[in-house]
Amino acid sequence: MIEAKFKIKRDDFSLHADLCIPAHDVTAIFGPSGCGKTTLLRSIAGLDQHRQGYLKFRDSNWQDSDNFVPPHHRPLGYVFQEASLFAHLNVRDNLNYGFKRTPQSAQTIKLEQAVELLGLEHLLTRKPTNLSGGERQRVAIARALAVSPQLLLMDEPLTALDQTSKQEILAYLESLHNQLDIPIIYVSHSADEVARLADHLVLLEEGRVKASGSIGEMLTRLDLPLAQGNDAEALIEATVVEHDEEYKLTYMEFSGGRFTVAHKNLSIGKTARLRVLARDVSITLEHQNDTSILNIFPAIVEEINEDGISQVTVKLLVGGVPMLSRVTRKSASVLGLKPGKQVYAQAKSVALLA
Amino acid sequence: CFILPANSIAAEILVAVASNFKTAMTSVARRFELNSDHKVTLIFGSTGKHYAQIKNGAPYDLFFAADVYRPKLLEEQSAAITDSRFTYALGKIVLWSPRKNVIEQDAKLLEREAFRYLSIANPKLAPYGRAAKEVLLNLKLWNGLAKKIVRGENIGQTFQFVKSGNAELGFVAYSQIKNPKQEIEGSYWLIPESLYTPIEQQAVMIKDTTAAGEFIKFVKSKAALKIIRDYGYDTP
Amino acid sequence: MFSQPDLIALAITLKLAFITTVILLLLGTPFAWWLSRTRWRYKFILEAIVALPLVLPPTVLGFYLLIMLGPNGPVGGLMDAIGGRPLAFTFTGLVIGSVIYSMPFVVQPLQNAFTSIGQRPLEVAATLRASPLDRFFTVTIPLARQGFLTAAVLGFAHTLGEFGVVLMIGGNIPGETQVVSIAIYDHVESLEYVQAHWLSGGLLLLSFLMLIAVYALNRRFRPIQL
Amino acid sequence: MIEAKFKIKRDDFSLHADLCIPAHDVTAIFGPSGCGKTTLLRSIAGLDQHRQGYLKFRDSNWQDSDNFVPPHHRPLGYVFQEASLFAHLNVRDNLNYGFKRTPQSAQTIKLEQAVELLGLEHLLTRKPTNLSGGERQRVAIARALAVSPQLLLMDEPLTALDQTSKQEILAYLESLHNQLDIPIIYVSHSADEVARLADHLVLLEEGRVKASGSIGEMLTRLDLPLAQGNDAEALIEATVVEHDEEYKLTYMEFSGGRFTVAHKNLSIGKTARLRVLARDVSITLEHQNDTSILNIFPAIVEEINEDGISQVTVKLLVGGVPMLSRVTRKSASVLGLKPGKQVYAQAKSVALLA
Amino acid sequence: MFSQPDLIALAITLKLAFITTVILLLLGTPFAWWLSRTRWRYKFILEAIVALPLVLPPTVLGFYLLIMLGPNGPVGGLMDAIGGRPLAFTFTGLVIGSVIYSMPFVVQPLQNAFTSIGQRPLEVAATLRASPLDRFFTVTIPLARQGFLTAAVLGFAHTLGEFGVVLMIGGNIPGETQVVSIAIYDHVESLEYVQAHWLSGGLLLLSFLMLIAVYALNRRFRPIQL
């Protein structure tokens, strides 16, 4: 567990964070601009010292009323919101700065691998001023990884990157997280990134924790802003049961049925996370054929949230697992949707997050 | 000012004076101003500096040097009025310590070398230094004391070395310890004139003005000579 | 051209300037660092005090130092009490005088350089396992390079030309406290203008070459743009 | 027209841009990290002076071999990739800096309005160091707008902002663009933002213009990376024909049929842009009923691009208008899709971009 | 306590220091700016030259200035030719000497401050319609505030205490070129220690108060963090 309690007062802002997050998960911090995400990360890193706080990482007390572990003794890696590279060092020396200071026995992350995966090989001798925005950001990520942290704090680390790089880096981070059991606290405004990476989600609002919980639960809670609007989504854990080598598909089962998704090289029996966007889920009364949609499940309407003027979010239970669907109010009315009604959920596209 | 002497209008003269002669000259000038409508502005400094300045156009009317050499040089170079040169004071040196009962009336103390530093003025720059060196040479102590001698750039600094206690004793100008209004501090030995050639301080006229001429006349007067002697100099 | 004593004076001068600069940097760096980071309400008083030695004419400053170092002064008394040698007329004394006199030229550029670095690079370094001292050497100093250069150049050059203080507390002892500035001064005072010209010219040339070397070397590391 | 030709050589990068973009459009510059987007924007602003170039903005020559209009005489606004606020000025003075230097007669944008829409009122007296990342970015946008530019250059201006703010700001920019006829050159990695805002798209790759054209055309060209991958989409111009006040819906017609979209307050007869994501479009062989999907159109398969291992992108023509659909290879095979085949396109969700 | 000539000397000194500082800032600012921006290969030569006046003892520097400004020197000759008054032994001459001698203390901190600003704020200002001059006054100068403060303080204080140059080319003429540093020196030389102490103390106190005021004022504008 990572337990954090901070009270920070500024002129017109105060942070009252009281958090308890799993020590082996990726935790996403989500919230509007200026809600205190950076402030929270800084406090966890120990950069804002003279503040009332309590912080425990796994078994170690990092901060309480009479104890303060200074930042350089906390085994963490921090990717700042701005790249903040050392202006006097070239890229290689920036990367080596922390690497050299990490005892060999503690080196779990291979610097060369990070450099390769972040596409930095050809930049190693450049000075930071001669890099593009995205290049700087990638160097900053590699630099934080080079200390082989036991906790990774990332403040909007991928904002300046294109989709392809983003996906690659996310995959790399995920593999690091899985292989090395490094918890990550990840600030992001991108629902994509959060869904992809996070197990746990903390919702901040004006310096207070509005909600905190596992990602699956948080995403489908109709009372939270996440389940409202166009980016609402559900995450469903499912087990790999079969691969279709011809069409390059993978079949995955969960309590509500069987998903067909794009092929991923996962061994049979493994569980992985599927992302189903609410706006990708349509509702029919009958099971339909001759459609390109492959993922069709019988479902029960659990709750309907009239959060938009023309659209509603429908929470469905598919074999007991929550799934969201966003349809027009007209459709909801035409189809006569109401809690308890039996329908079919058609998921147009499903992303396998692994 | 009420009545002006017919032959002179009130004027200001600039007089460059060797620093060591400051107190005496201030007194002399003040007395002169009492009896005259002229204003005397005194500019103190090292003789070497004054020489360089005069050579480069300094607006001084009179130059009271600390030695004979520089006035003579100016005269030879036609930077001063020919034949205006005269000796206005003869300096005397003393071996002095600000503490009582330290200095004896002979050279024994110097011979015993029972001190860490002996302060003298730089013989190369200051006539008092030259005189001090002569004294030590005559006493055959110059080489033996070489390591103990600290040198002030001018006689004022030499005095400060001793006064502040950093050097226990030093050859300073008699005029520095003798003041008509005060008793002499500490103990001293007025060096016999047989041990050094007198320190002749000469003055020269740079610009031949009436006021300058009147001032020179006054400096040569009995009253002025008396003041100069009161401040520890001999007069010619 | 150059007489033996002149050359000795030159050597002493270089030694003095070098040692003084080193001491100034060693003392000035932590002090400037502290000044740049502290939030102490009254630090402006200290900032003002640092600049004060400049205000007095060097000879006068030297005069007061002489009194302080003398057996009746506080420092001299202390030295006496602990059985040390008095400091006036020694090379050590010169170093002390020069250090005091040149301090502002070192502290101020350093303080500015430290201030303009800001907190961020140090915070980053902290998250990369660097201890405060480590950070100081590997981040602050390199980023403040330009400030150090200015501090060192001003400190060194000012000590080379320093004169009044040295004149006052040095006692002009050849081979010990006679520095080249005094030697030149002596030449000028005693109308040995030719020697004065040579010595001044030599000192200028030497300094010029050293400065050129320093700045050219500095140029090789490109200035850090923000 | 904005005509730009630049040749810039750096150690291991060279930009050979030869561009001609409409002077009244929003042009998006799209391309991977380090491809030269910022360099291009800087050249247009005249910040990198001694370079070989030619630049014409509408009727004015900004740069050619013997003429160089300095940046401060170019009537543009520039939002830098990093906020780059003046550290010595508080927020208000940052905003006023350019505002004061704009003659009253040229002031077309209301500063108060910008401040309000960007949510900066409560920050006006703050120093930039006391702002959060997103707050800084918003100030930078407002500052660039405050000079009432005739050309707006924006280098990834919304990266640090949450979705809600992003949408609001995009809407504001759009209204400025429409009302004041300010062309915008907009660098972004976000397909969302580009689709929302851009009329014209320039694709950069390693310093060269790979393609340039109207957004509709560019998005559905299967040979470009845009139509590949999960974010492929089509933009369709349609005309408002009716509003459904009860269900808060708007009906819009185009040559291929009638779209039902969430209600927007647009007058009848007005045309607007609809965004149809490829992954939201499913294909059926028969027209289906009892579905929550409202937008169903008869279509002809034009081309099939096998760009993924398990998925394919199908280019459909709906009344002659291109639309993309992303389906699994299996579905394509089961449904027997091939060029020329008559099918039905079902668009699960359609966004009205206005 | 303070004699009439002492007070006059003090007034002259303040006037000199003030005028010198203003001139130094006026000349030093564009020069430092140019040094901080130029990509000229050989600028390091100029950087070295700027520091050179420091290397010579002030009196010696003053001596050479005297020769230059004197009726037989190049500048003096020129002044003569154009019918001007020679500059040696005038207040103007003092100003010239002080400016030359204190130049490095102004140029170097300013150059550092300008360099550390970087290009970006100026680029931003350019896109916000500010002309180069406008940018300089509204962006560069405020951002280099700390550097200006250091430059002004070092320049002012150094001129207050300046002595050797002034003594040489000023000629110590009361009411015209006798500054307070020389007055103190004179007091010390002529063993008028009490007056020397009073004058030194007064000068120190006055300077201290001025410095305190400057730094306290500076503190009110919070330092710019990066």
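Chains: A, B, C, D and E, in written order; residue numbering restarts at 1 for each.
FYI, a residue touches a chain if its C-beta (ideal position, glycine included) is under 8 Å from a C-beta of that chain, and two chains touch if they have at least 3 such contacts.
Values in this document were obtained by computation on a predicted structure and should not be read as measured data.
Counted as hops between touching chains, the shortest connection from subunit A to subunit B is 2.
Taking the mean of C-alpha positions as each chain's centre, the chain lying farthest from the centre of subunit E is A. Distance from subunit C peaks, on a Cα-centroid basis, for D. The centroid of the Cα atoms in subunit B and the matching centroid in subunit C are 36 Å apart.
As a whole-number value, the distance joining the C-alpha centres of subunit A and subunit E reads 60 Å. Mean C-alpha position of subunit D lies 56 Å from that of subunit E. Residue positions 63, 120, 182, 185, 188, 225-226 of subunit C are each in touch with at least two other chains.
Looking at subunit D, one finds that residues 82 touch two or more other chains.
Across the assembly, subunit B contributes residues 49, 52, 157, 160 that each touch 2 or more other chains. Looking at which chains touch one another, you get A-C, A-D, B-C, B-E, C-E, D-E. If you check the complex, the residues on subunit A that touch subunit D are 10, 12, 31-34, 37-38, 81-82, 122, 130, 132-135, 138, 155-156, 159-166, 189, 191, 229-231, 244, 247-249, 260-263, 279-280, 282-286, 288, 290-294, 308-311, 325-333, 335, 346, 348-349, 351.
Interface of subunit C with subunit B (complex): residues 63, 66-67, 69-73, 76, 86, 88-89, 167-169, 171-173, 182, 185-186, 188-191. On subunit B, the positions that touch subunit C within their shared complex are 46, 48-49, 51-52, 70, 73, 116-117, 119, 122, 124-125, 149-153, 157, 160-161, 164-167.
For subunit C in complex with subunit E, the touching residues are 43-45, 47-49, 51-52, 54-61, 63-64, 104-105, 108-109, 111-113, 115-120, 146-147, 150, 153-154, 157-158, 160-164, 181-182, 184-185, 188, 196, 200, 203-204, 207-208, 211-212, 214-216, 218-219, 223, 225-226.
Taken together, the subunit C residues at the contact with subunit A in this complex read 120-121, 123-132, 134-135, 138-139, 142-143, 145, 222, 224-226.
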